[in-house]
Amino acid sequence: MKVRIQKKAFDFGNEANIFATNQANMGAIVTFSGIVRSLADIRLSYMDIEHYPAMTEKTITKIVNEAANRWSLGDILVIHRFGRLAPGDLIMMVATASKHRKEAFEAAEFLMDYLKSRAPFWKKEVTKHSRDWVVSKAADETALKRWR
Amino acid sequence: MIDLLYFASVRERIGKATETVETNAETVSDLVKELSEREPRYALAFSDLSSLRVAVDQELLDFDASLEGAREVAFFPPMTGG
Amino acid sequence: MKVRIQKKAFDFGNEANIFATNQANMGAIVTFSGIVRSLADIRLSYMDIEHYPAMTEKTITKIVNEAANRWSLGDILVIHRFGRLAPGDLIMMVATASKHRKEAFEAAEFLMDYLKSRAPFWKKEVTKHSRDWVVSKAADETALKRWR
Amino acid sequence: MIDLLYFASVRERIGKATETVETNAETVSDLVKELSEREPRYALAFSDLSSLRVAVDQELLDFDASLEGAREVAFFPPMTGG
């Protein structure tokens, strides 16, 4: 189980390969990665991601442990960036390994649902003319109901 | 003495990221009331608690949570990670 | 939309990176990859994957088109190998790109569920002492009900 | 004239991967019956149709499917892709 909160960019494919290679007895690997959308209509200049350092890793580790308890997983990886990101940049990724695809998929969705509305990150979209905090969606809160 | 942390839009409204306060507030709600009476910008930042979240010692809790033994309280809008 | 049926190995991380990089306006990328498990208990020597060439690409393309109709996706990639594979080798991968994570996840699971029991591949597990065709699981047929 | 293709365990039981037959069978079931009467290894291969799948011209169909205009019929066990 690995959780990395970092400012610097990471290589999604390389991380995914390292993760997959270390799964000797796991047949199913699922990854999710989130990318800063270019948002052509508002001409996004960049995205600023603020976080709460003392809480971030603690919260994500708790979510990761919860996933490890609910599903039979070989491994879990979570990487999440903060700071200034350009359109097209990777924001974060999760990876899960399991013997069976259903568990790998479910655990990855669980991680994403909780990261989305429980990990202390806040995104701001900056254009030439505006600086707006991204507003959380009611659908993200609703998504958590699936896991209760 | 409790450390207060403000993030994202809350930080921008209150105009600072951290401060340390002396308080006898027993719950987060009491603390919010105290702060709101201090200055209009706090009152504004805390005007709609349903759109805010609070963490006591890095744990997400409700506004009626006790402050007994608390060292750090953080206020922020709903998270938008992932 | 890209479908590749091939004997030769592929680099999962590299394919995932190329796929993700080409998604200018998609914020969510999901990948699934299937790996030959080492199956320590039976000491797997290798896996042989047989397929029905005239039908394989046709069937997978149909499944991919169905996914493209059901969800709003920026792109889909499916790579599936045949022939002899060693423990730890990648068997296949799918990748989906969408604006929203829910659609990217659902489409990837849909693709996997259909590939699993509709694409004409048959796996044989070979050890020093046995050569057994992998038997399809009732659960794989049941999984398809979710999409009807 | 129809091309017959056998895959995986069906191929191994029948002992060949392809053959071409002359038949008047109207449905896949009729064809299976014809083949099963030919030799025991066909009868064995087709003894439990519930554990077999059939594709007519590369399309997965039921055993009662018509063979009208069919050029290629393939028999195989349930797929195990992915």
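In this document, chain identifiers A, B, C and D correspond to the written order of the chains, with residue numbering beginning at 1 in each.
In this section, contacts are C-beta pairs under 8 Å (C-beta built on N, C-alpha and C of every residue); 3 or more make two chains touch, one makes a residue touch a chain.
All of these numbers come straight from a predicted model, not from anything done at the bench.
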CA centroids of chain C and chain D: separation to the nearest Å works out as 26
Can you work out the whole-Å distance between the CA centroids of chain B and chain D?
71
Could you state the distance in Å from the CA-based centre of chain A to that of chain D?
48
Where in chain A do residues touch two or more of the other chains?
34, 101, 112, 116
Counting only residues that touch at least 2 other chains, which ones in chain B make the list?
82
Work through the pairs of chains, note which ones touch, and then classify the graph as line, ring, star, complete or other.
line
Dump the list of chain pairs that touch, please.
A-B, A-C, C-D
List the residues on chain D that touch chain C in their complex, please.
5, 7-9, 55, 58, 60, 72, 74, 76-82
Inside the complex, what are the residues of chain C that reach chain A?
11-17, 20-21, 23-40, 88, 90, 99, 101-102, 104-105, 108-109, 112, 116, 143
Given the complex with chain B, which residues does chain A contribute to the contact?
34, 50-52, 54-55, 58-59, 80, 91-92, 112, 115-124, 133-136, 141
